[in-house]
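These are the structures, in structure tokens.
You will see two complexes here that share chain A, one where it goes with chain B and one where it goes with chain C.
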Partner chain A sequence: MNELVFFINNVIVAGSVTGSIYAIGAVGVTLIFSIMRFAHFAHADMMTFGAAMVLLLTLAFPGVGSAVGLPTAVVMLPLAMALTALLAVGVDRAFYKPLRAHGVKPIVMVIASLGVTLMLQGVIRLFAGTSGRSLYIGERKEIYRLELPFEAITRPVIVTEPQVILFVLTIAAVVGLHLFLSRSRLGKAMRAMSDNPDLALASGINTNTIVAVTWVIAGSLAAIAGTLLSLDVTFKPDLSFFLLLPIFAAAIVGGVGHPYGAIAGGFVVGFAETLAVFNWTVLLRPFQQHFPGWLELPRNLAFVGTEYKIVVPFFILVAILVWRPTGLFKGKVIT
Partner chain B sequence: MTDTPRSQPPARRFPRREVILFAALLVAVLGVYAMMGVAYSTRMLVEAACYAILALGLTIQWGYAGQFNAGVMGFVALGGFAAMFFSIPVNDAFWDSELPGELGLALLYLLGAALVVYGATKLDRLGVPKRLRTVIAIVLAVVLYLAVISVLRGVTGEIESRAGFIGGLGLPAWTGWIVGGMLAGGIGYFIGHICLGLRSDYLAIATLGIAEIIKAFLKNSDWLTRGTATVSPLPWPTPGAGDLGFVLSRSLYLSVTAVMIAAIFFLLHRAYHAPWGRMIRAIRDNEVSAAAMGKDINRRRLEIFVLGCILMGIGGAALTSFNGIFDPQGFLPLNHTFLVLVMVILGGPGNNLGTIFGAVAVYLIWIMSEPLALFLMQLAVSFGEGVFGWDAPGHLGSRALQARVFVIGLLITLVLRFAPKGLLPEKVRHHG
Partner chain C sequence: MPLLEARDVYGGYGGMNILNGVNLAIEADEIGVIVGPNGAGKSTMLKAVFGLLAVSQGEILLRGEPIHNLPANKLVQKGMGFIPQEHNVFPSLTVQENLEMGAYLKPENVKRMLEEVYAFFPPLRDKRHQSAGELSGGQRQMVAMGRALMAEPSLLLLDEPTAGLSPLYMNEIFERVKEINAAGVGILMVEQNAKQALAIADKGFVLAAGQNRFTDTGAALLADPEVARSFLGG
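Moving on to the complex of A and B:
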């Protein structure tokens, strides 16, 4: 039954990790879409920016974490969130707002956000370098091995410290967002503006405030997602387009403009990715003797190699656009 | 434009702006010739000409029809692959073994599996309930896919270990250019068919994705492209540098690309002023009224998207052939997507002349910015060391080049804000 543990480690745990990261990213994209009506291509680089801020802060103040009992990077996360939120609002003021004031088509905003992507990439690489770095500086990644209480299972289920932090933070972010959107005045105003901007304006909602709040939320969520991703593996400044596709796929799967849908979509895409690169031979091998003799199991029975991982979100995107363009949860009308 | 009275047709004005801009460009090109030598400058011009073809492809999509393609790189890479595959010599180690047969068999399996799955999706015509049909089709697709892919993996692994890669076809380079255009057009049709009826953002997302996928495929299919090991040298359609020397051979190549640009320019010009061009602009400017006039919007959009992709494939093939090396990792979003985008929006989307101007001008600045950035960085460092005793960080060269990423991004946002119509705006003629 060790194969089952292998499956849990490689699919359930890994899928939840990638799923959470995509979900947090996709929520930001979908919020921006529902308020400002354009696909924000610079989101992946905002995530990287947040992680880069954490990296720089960790380099500047090492050893803060040991005082609290958490990795330094996690202690620095709130500060990085604030900085990224500030960046998001600043970028909006400097680059998107004038275009919005001109009343340009959404696709022009998309191109502008691509310009912002490049600028962010340049800034990040200028300050954080181009190579991958670990966010654990002078600290050790704790690894928890959970032994399962069965006779047949000798291997432990492995969960690392950043993964535990990731699950906790994801749940906190989702619950917090839910409370904000459903209970607070500002959250309700946001939903009103997402449903009908003109009506929201007419009923006295300050749309400028709502836009700023959206950027603050999207920026801080992006910082969380980027940092968690970098904690789990390493900080890579060049992930941009490889993150963007799964996040957009998640947002579209969940129905654009639908925050809860985006969370579900993130997990759908995350699990689909891990399931697609999982080698199914491992699970089928115990049943080898039950197969007919002519059927020989190949050594590698994964749907796609890990190097083609990016095909999975694209395939999901295409499938959803063909069969159900409004997404699983009936998002905004998309024409 | 609106203040021109209908009764008197507007006089043909002297194209002052165009003449000034092109004269300035000519001076700049001559300056480069004087500074950097003839061979280098001719190489730059050839590359600029290839980029001009790419830019013309994008200006059709973005300028004529308002479709934003964020994956030019993918189509360039496809064109480059076709140019490589058709022009390099035949690999006898592959063709003399039984491997071609095995590969052909695997591809036949693939075709057969695709047909079976397609047939399964039509089972409802035979009275099978639709839900059951979907389940059957999906299960069949998964099982057959896994079977075929494992056969294919075996064959390709065998090719890699015994013959290296399957080699080329040994045909003239221009056949590869044509096929490259067709390949890019085919992928463009696939993407356009899915996305063009939806919001314009989705096309940008999908093209961005397909570009990365094409690059990943070319990079990791060692049996087809040698992957990161790269393929070189690629033959030219014109006599190479060995026969004629650098300057003459490059000039010959330049004249080939110039003829191509002239042909494309002429055809586009005619199409733009033909009823077809008017219809395309009508769709771009007011979709609803164009639809009310009975125009098949999605079909026209698909037409123009595929046309643009074909041009990008051809341009990419010409560019790769000229570089003489097929390196899948050398296709970068910055160099092959965003640079082309800057050329188009700076030059004037929808204006072919403006696009060509933008292509040459931007490429000139781009090429010259590398030594310039390094020079400025060196200057800053020596200044800093001399005055403050500042210790310069390492990797200065690569960091200076990162600044170009920033500048390109800034340029895109600034142009969109302050000159959304570009330097040579599209001239909309009013037919009175």
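Moving on to the complex of A and C:
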């Protein structure tokens, strides 16, 4: 039965971790698309920027965390969220707003966001360095071992401290976003503008305010997602390279423009990735005696090697665009 | 002083003029109706009044104050409401959320106005938690009118409110427009159903090729044999 624990550790836990990160990133992409109608390619770098801010703040004030019993990086997260939100609004004012005012085609905005991506990558390397860094500076990553109350199971389910923090923050972000969109005046106005921008204007909704609010939310969420990923593994200045494709796949799988779809899409892509690299031999080995003699289980039976993990979201993206371009929740089609 | 006055308005899209000198004026308690053949610039004129179209020449005055080329949210603040012909609801929002958006600039009035709108359009109360995209055309028009009324406008602009509706709903909408006007809201409406619309109009403006062809009271236009022959189908 230890194989089951292996499955829980390598698929359930790992899938939820990746899924949460993709979900929070994809929500930002989908919100920006539904308000401004363009695919924001710089989003993954905003995530990295948020994590870089956490790194710099943690380096500057290393002892803060121990005072409250949390990793310093988590204590610094709200500040990093504010900084990333500020960056997002600033980038919009400087680069996207003038283009919007000219009424350019969405593809022009997309290309502009590619430019922003390159610029952000430079800025991140300039301040946070080019090498990978742990966000745990002078601290220890707590590891929780949960023993399952079955005699046949001797191995524990392993969850690390950053993963627990990640689950808590993901749930908080999703609940918070839901309450904002369904209860608050601004949240409803945001959905109204996504539905029908002209009518939103005719109702007296100031669409510039909504655009700014969208950037604040997307920027803060990006900072959360980037930081959580860096906490779980390590901070790397080229994180965005591994994030961009999965978060866009997640947003499209969920149906672009649907925040809840993006969350679902994030978990679909996250679990698809972990299932694809999972070594199925581990689960099949106990049944070896039932197999015909000529069939020998290979040592590693995964759909793709870990180093090719990135092809999974790419495959999902292509498949969904071919067979169901509106996504699971009937979203808009990116043009 | 008229509630709304347009003096010699020119305007169009991309340098092409659709409006070639339109004049209209309505008082605070009046219903004004713009009729005319397709392509006469009826809806374009309404859009010009609501600032959705650049006015190149002439002026539009609300209570004597120039308003042309003001952004829509400023016009809403000044008491103007606009109901477009198509895409006049937020389809994924519930009926109630649609109405709340109408009072976006006056959140303190939401509760009171919701009660008033539900009393005015009782079917909407039962459907308040349904998304507006699931409603029939007539019910959607009610949501659209309700949304505009939530802002307590002093002037309501309606772009072909009865387009595509069954005769039953058509009469209902005309009745409702009369009631809204009786409650003290000035109305400027573009209509295809010219006869019915002119019958409730205090002022009628017959446009052709972006210019006033006839301007008179609704009753006088209906009685005019020349208007009848050229614009009302005999």
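FYI, the second predicted complex is superposed on the first by the 332 of 335 C-alpha atoms of A that agree within 3 Å, B and C clash if a C-alpha of one lies under 4 Å from a C-alpha of the other, contacts with A are read in each partner's own complex, and residues count from 1 in each chain.
The rule is short, and it goes like this: a contact is a pair of C-beta atoms (placed from the backbone, for glycine too) under 8 Å apart; a residue touches a chain by one contact, two chains touch by 3 or more.
These numbers come from a predicted model, not from an experiment.
Participant: Should chain B and chain C be called a clash or a fit once both complexes are overlaid on chain A?
Facilitator: fit
Participant: Is A:95 touching the first partner chain B, the second partner chain C, both, or neither of them?
Facilitator: First partner only.
Participant: More residues of chain A are touched by which chain, chain B or chain C?
Facilitator: On the superposition, B touches more of the residues of chain A.
Participant: Quick one: is A:112 in contact with chain B, with chain C, with both, or with neither? Answer first, second, both or neither.
Facilitator: It touches chain B, and chain C stays clear.
Participant: Kindly classify A:167 by the partners it touches after superposition: chain B alone (first), chain C alone (second), both, or neither?
Facilitator: It touches nothing on chain B or chain C.
Participant: Once the structures are superposed on A, label A:314 by its partner contacts, choosing first (chain B), second (chain C), both or neither.
Facilitator: first
Participant: Draw lines from the C-alpha centre of chain A to the C-alpha centres of chain B and chain C: what angle do they form, to the nearest 10°?
Facilitator: Roughly 90 degrees separate the directions to chain B and chain C.
Participant: Return first, second, both or neither, reflecting whether A:38 touches chain B, chain C, both chains, or no partner chain.
Facilitator: After superposition on chain A, A:38 lies in contact with chain B alone.
Participant: Applying the touch criterion given at the start, work out whether A:191 contacts chain B, chain C, both or neither, answering first, second, both or neither.
Facilitator: Once the two structures are laid over each other on A, A:191 reaches chain C alone.
Participant: After the superposition on A, what does A:245 contact: first (chain B), second (chain C), both or neither?
Facilitator: In the superposition, A:245 touches chain B alone.
Participant: With both complexes overlaid on chain A, does A:122 touch chain B (first), chain C (second), both or neither?
Facilitator: The answer is first: A:122 touches chain B but not chain C.
Participant: Using only CA atoms and the superposition described at the top, report the least gap between chain B and chain C in Å.
Facilitator: 12
Participant: Pick out the shared contact residues on chain A: the ones touching chain B in one complex and chain C in the other.
Facilitator: none
Participant: Which bits of chain A are touching chain B when the two form their complex?
Facilitator: For this pair, the touching residues of chain A are 38-39, 41, 95, 98-99, 104-108, 110-112, 114-123, 125-126, 129-130, 241-242, 244-245, 248, 252, 280, 298, 300-301, 303, 305, 307-308, 310-311, 313-314, 317-318, 321-322, 325, 334-335.
Participant: Where on chain C is chain A touching in the complex?
Facilitator: Touch residues, chain C against chain A: 50, 52, 71-73, 76-77, 82, 84, 87-93, 97-98, 100-102, 104-105, 107, 147, 151.
Participant: Quick one: in the complex, what on chain A touches chain C?
Facilitator: Residues of chain A touching chain C: 185, 188-189, 191-192, 194-196, 198-206.
Participant: Under the touch definition given earlier, write down the residues of chain B that touch chain A in their complex.
Facilitator: The contact residues of chain B facing chain A are 66, 68, 70, 145-146, 149-150, 153-154, 194-195, 197-202, 204-206, 208-210, 212-213, 216-217, 219-220, 333-334, 338, 341, 345, 395, 398-399, 402-413, 416-417, 420.
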